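Shared between the two complexes below is chain A, which pairs with chain B and chain C, respectively.
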Partner chain A sequence: MGSTSKKRTFLIMLIPILVLFFCFNTLPLIRGLIYSFTNFRGFGGYDWVGLRNYVDLLGDARVGNSYLFTFKLALAATLLVNVASLVMALALDSKIKFKSALRGLYFIPNILGALVVGYIFNYFFTYIVPFLTNTTSILADARHAWIAIVIVCAWQSIAMNTIIYISGLQTVPEDVYEAGSLDGATGWNKFRYITFPLIMPFFTINMVLCMKNFMMVFDQIMALTQGGPAQSTESISFLIYNNGMAGGQFGFQSANAVVFFILIVTISVLQMRFLSSREEQL
Partner chain B sequence: MASLSLQHIGKVYPNGYVGVKDFNLEIADKEFIIFVGPSGCGKSTTLRMIAGLEEITSGTLEIDGKVMNDVEPKDRDIAMVFQNYALYPHMTVRENMGFALKLRKVPQDQINKAVEDAARILDLDQLLDRKPSALSGGQRQRVAMGRAIVRNPKVFLMDEPLSNLDAKLRVQMRAEISKLHDRLGATIIYVTHDQTEAMTLGTRIVVMKDGVMQQVDTPTKLYSEPCNLFVAGFIGSPQMNFIDATVIERGSDIVLTFGHNAITVTADKARALRSGGYVGKAVTLGVRPEDVLEVGAPAEGKRLSEPISATVSVYELLGSSVMLYTDADGASISASAEAATTARTGSVVSLVFDLDKLHLFDKQTELAVCH
Partner chain C sequence: MRNDTITRRGFLGLTAAAGASSLLSGCGGTASDGKRHVEVVTYKQEAVKIFERLQDEFNATHDDIVVSITCPNNATTVMRTRFIREDYPDIIGIGGDISFSNFIDAGILADVSDFEGLGHVKPAYLDILETLEFVPTEGTFGVPYMANAAGVLYNRQMFRGHGWDIPTTWQEFIDLCETIRAAGILPLYFGFKDTWTTLAPWNALAIELAPSDICQQVNAGRTTFTEHYRETAEKIQALLAYGEDGPFAYGYNDACTAFARGESAMYTIGSYAVPQILSVNPEMDIDSFVMPGNDSSDGQVLNSGVDLQFCVMEACPDKEAAYEVLSFLLEHDNMQTYVDDQNAVPCTTDDFDLPDMLDGMRDYIEEGRMADFQDHHYPSEMDVAGQIQTFLIEGDVDAFLAKFDADWTRYNRDIIQKVQDYYATQA
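Take a look at the complex of A and B:
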């Protein structure tokens, strides 16, 4: 194949994707940024308001609460997911029977849609748990509803994180463990001094992905609480969607989305920097 | 340092594969024992059983008189140097070497002293703050040795520690290990498939094949009196020539014939062949290339055989000597000749054997009949 023909094939494959990406990703991003400087309500006309939306964001209690809730949820879920999936990965990487079958079984939550899982757990928390414990639903409790969301988020995310940790554990050379066992590194010492430092790159990626995903939590809120009770489980994404689309605050929530975008990028970059500095090349 | 006793040690894997069969060996304090053999012969498995990294299926392992079969590797007071060094990639050289002591909660100043002493012996002083990824293969190898030395163990185990190094470095490190053995007075068990390493390092060599110990002896004895065809072929480079020959009685002499060639053996070998009932039967004649001489080559004090006519098929100049690969009536014979030889590929040469260096093996059992 000549180089012109090769180039043409390359362009035929590339251009449609670029056009689609631009139309459905870049353009909305730019439009969103533009709307963030307006008082657009989602319909009708709008006026330029400069940085007023951004200034108003700082004083808005509902927005502030949504940020606090989202951070609390993201931190709790990230910790829970990483601890649980690391324990699970260590168990599934050890010499046990039916290892492959169990790995497949534990991965099932990941292939289910978040909304499906959310609605199943909604039923579980609304009917089954209260029936078994003779209490009211946790989802109706403004102080504890967030815990239910953490549980659902974690239940689904542990699967993928476990797989990433298992692949990490498999990169540690067996003879390093053997050298460790002769040196006296067994049990907790083995994990602390050998396993964990050597799977640090996988820990980094899992922490960053978890934090990012949980900061953007939406489906689980939608299916479980719709931000309630008393707006106690309103995540940033949910608030942006709810008030932006149905609350006539399209411009204001666009400004919120821009701030949120910058925040997530900043957190991810900082996490990568901090955790990568502790990684070791094998 | 310590003595080891391996009694009827066996290893059978869960799939039924037998890795090691009835291995018996007494290792004295300060001995440098070499396990040698081809890949899959069970030498590394035996070493790993001593280390506690493989379970012993049958038999008893004792270190300093204490049974160690079910003792954890860390409690056997053994240090091991792995083929791939198995250094901790996230630790500096200093941390790698001091890791075992740190886990034993030895005070930091003592750890530092032990690490620095070992680093001095191995010339690692300048590398202590580097990570393994910043070291060359030879340096990593020395760190692995250092990690073992720092622990001051009863026994050092080395699993093909030089096999990942280039030829030049291997020779250099071989000498280093030998010096280290003299300096530390350590009991060392060393696994290799390289018979040169085995011959140069070991005080005794264990030759293994298919999980079975073939012969345990000093390098000299192993070379001059191999107990069977396998050991004879495995030890020595270039390899020993093996020729199928028939034993014939000619008057009072015993003659070995192959093709049109006949060799009259010495009286002691004749006696062994007669008493073994080999007259009229086929045996395998073994002779090392350095014991095959060209007629006319210096041979003071040697009893030589009748000349054999052979055609040179390959001529290899090795610098100080020449290897001639020849064909004598269908028998392949390699000879280590003087560099000044006029023989070249295609020439016909007259070869003689050093009669005192002939080895005869039973054709069926492959065991040595006489040397």
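Take a look at the complex of A and C:
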């Protein structure tokens, strides 16, 4: 009796979520898949074109460049963010003055909107940096503009990752450190052999989240470069949105989105497998 | 999970559109209050105040018809989202560009050739609309309302102060740039960080250096862009030397501000930039001239296209009411209000007071010596603006032209097929 009413409660909680998830996630995904086999423009009639969109994807230099750019950005930003936020977390977890205030302060970038941050950095890169260093704007340089985007992405996501690492550091019991210090583990060795293995699960989650977020980078591109200069900073998401919604390539970009979806799932699963196999349990 | 985000955006658009349409008490036909409702959606967000005023005036003077005019942000996307759901407004106000071509091709616009107001419209603009059809299609699908003009804006006070003359040939234009530079002033400002701004000088040069129907000719397989766009490409490249340092670092807003502050003598952009420039420097005396692309003394034409036209949707149930609204919008005084506020060029044959900053283009407008923006034929997903920016950064004319032709066939495959099928059946 008790268990059936419990079951019913669970079902009442679960079913609405499931329906919403199906309506707003699964259904559009299926429709997107269907559109990927058409030459749909977003309105009016369309024809079935079979696998033409997928074949075109392989030979499209612009799509290829957007994948290269996105991977380059995601790798660089993920590395930068994880190294920087681990260092930040270690610093903010040590015995320093104003610890709580500093933690709050360093979290601020995370609560600002990505577009706002983007526009501010846009001004910073266009006017302030060139004025201080007497160089030209990095955003106007087709070869280096991606670095500016890495910096902006990293600046903003370091905050969240730092918080996750701090909470990870707090799960490491003090007695492990004490035992370690008796064996002479200090400084780098203490981090390398005690702290890092014990916060490995947090490293896994941060790596996966970072990679996934940066693969889907969109707002920063919108605010900083709009894909330029010379189409050098077009991310996959940007291209899908721009050409699929604003341009007339709804069908083709749906195919692109399907490929991209599969790719992100694959990368995330591989990453999880690889990293979680290295996690240590106390 | 990119798909997820896209649909979320689409969903937001849908809810926005649904919200808007429910607010507007449904679209078309007779509603419960016994009145005929006409819904107009225009893409001219900057003219929202004028349209609100016109809407109120219409509703105050008409007992049986209620009109609602909205100018949503990002209107073309909002319209497209509504079209996906087959939720059509009665009238849409759009530009004469590739979207219009696509809408005709999709068969969602009504033939308005029986609308008598068309008799007042300058034939040149009706011709422009004709050329926007992918294949010749029986009927007229839009009522041209306002045109814009692009060329070169100049600081009239500065020109008078130095005694500089308006150039009428390419050579004179280059000489003028040299003279201005010798006077220690920057001749031009570009703002090419925003890629679309590259299209302003590009269009103005292309109409004088390439055939006006080049896109149709290419679609029909009769010529290539490589053959006709070389000179345009070389000339826009030559202009770079007279602009600001590192033009790819500054965007449209930066360029408007710099020109308004007198940092450059000229600015290669359309008349639509004037309100923004004046917002920085309300006292500025701006005029414009036609970009002289070639060296023939009488060969210049004004770059002017349909900036705003009204199209009745095929799904509109009450065309009579829609025409009544169109006639009202086309009344002389209402158009003059729009012209004064937006620095636009009216598309009808009535007499209007044109804004000062079009002084240098007045003769061309009155004589109808103009040609449409060539980018109105470029598919937006091909991103020609981005390609021009790439070319100006890298400086390789041959690579640019080759890519232009290759991309054109790639992005227009379905249209080219349609055009060639059409000519095959004609022959």
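In the analysis below, the second predicted complex is superposed on the first by the 259 of 282 C-alpha atoms of A that agree within 3 Å, B and C clash if a C-alpha of one lies under 4 Å from a C-alpha of the other, contacts with A are read in each partner's own complex, and residues count from 1 in each chain.
The rule we apply is simple: contacts are C-beta pairs under 8 Å (C-beta built on N, C-alpha and C of every residue); 3 or more make two chains touch, one makes a residue touch a chain.
If you're wondering where the values come from, they're calculated on a predicted model, not measured in any experiment.
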For this session: Give one word, clash or fit, describing how chain B and chain C relate on chain A after superposing.
Result: fit
Exercise. Chain A residues in contact: does chain B have more, or chain C?
Worked result: C
Exercise. Considering only C-alpha centres, what angle arises at chain A between the directions to chain B and chain C, nearest 10 degrees?
Worked result: 160
Exercise. Which partner does A:Ser85 contact after superposing on A: first (chain B), second (chain C), both, neither?
Worked result: neither
For this session: Would you check which partner chain A:Phe43 touches, where first means chain B only, second means chain C only, and both and neither mean what they say?
Result: second
Problem set entry | Partner chain(s) touched by A:Asn243 [first = chain B, second = chain C, both, neither] | second
Exercise. Which partner does A:Ser181 reach: the first (chain B), the second (chain C), both, or neither?
Worked result: first
Exercise. Which holds for A:Ala140: it touches chain B only (first), chain C only (second), both, or neither?
Worked result: second
Exercise. So, does A:Thr233 touch the first partner chain B, the second partner chain C, both, or neither?
Worked result: neither
Exercise. With the two structures laid over each other on chain A, which partner does A:Thr195 touch: chain B (first), chain C (second), both, or neither?
Worked result: neither
Seminar exercise, completed: Least Cα-Cα separation in the three-chain superposition, chain B to chain C, whole Å, stands at 34
Problem set entry | Touching residues on chain C, where the partner in the complex is chain A | 1-11, 76-77, 80, 83-84, 98, 102-103, 105-108, 193-195, 245-246, 248-250, 254, 379-383, 386-387, 389-390, 393-394, 410, 414
Exercise. Hey, which residues of chain A end up touching chain B in the complex?
Worked result: 173, 175-176, 178-186, 189, 193-194, 197-198, 200, 280-282
For this session: Show which residues of chain A lie in contact with chain C when the two form their complex.
Result: 24-25, 28-29, 32, 39, 41-45, 56, 60, 126, 130, 136-137, 139-140, 142, 212, 216, 218, 226-231, 236-237, 240-249, 257-258, 260-261, 264-265
Exercise. Touching chain A in the complex: which residues of chain B?
Worked result: 51-53, 72-74, 78-80, 82-84, 86-90, 99-100, 103-104, 131, 133, 147, 151
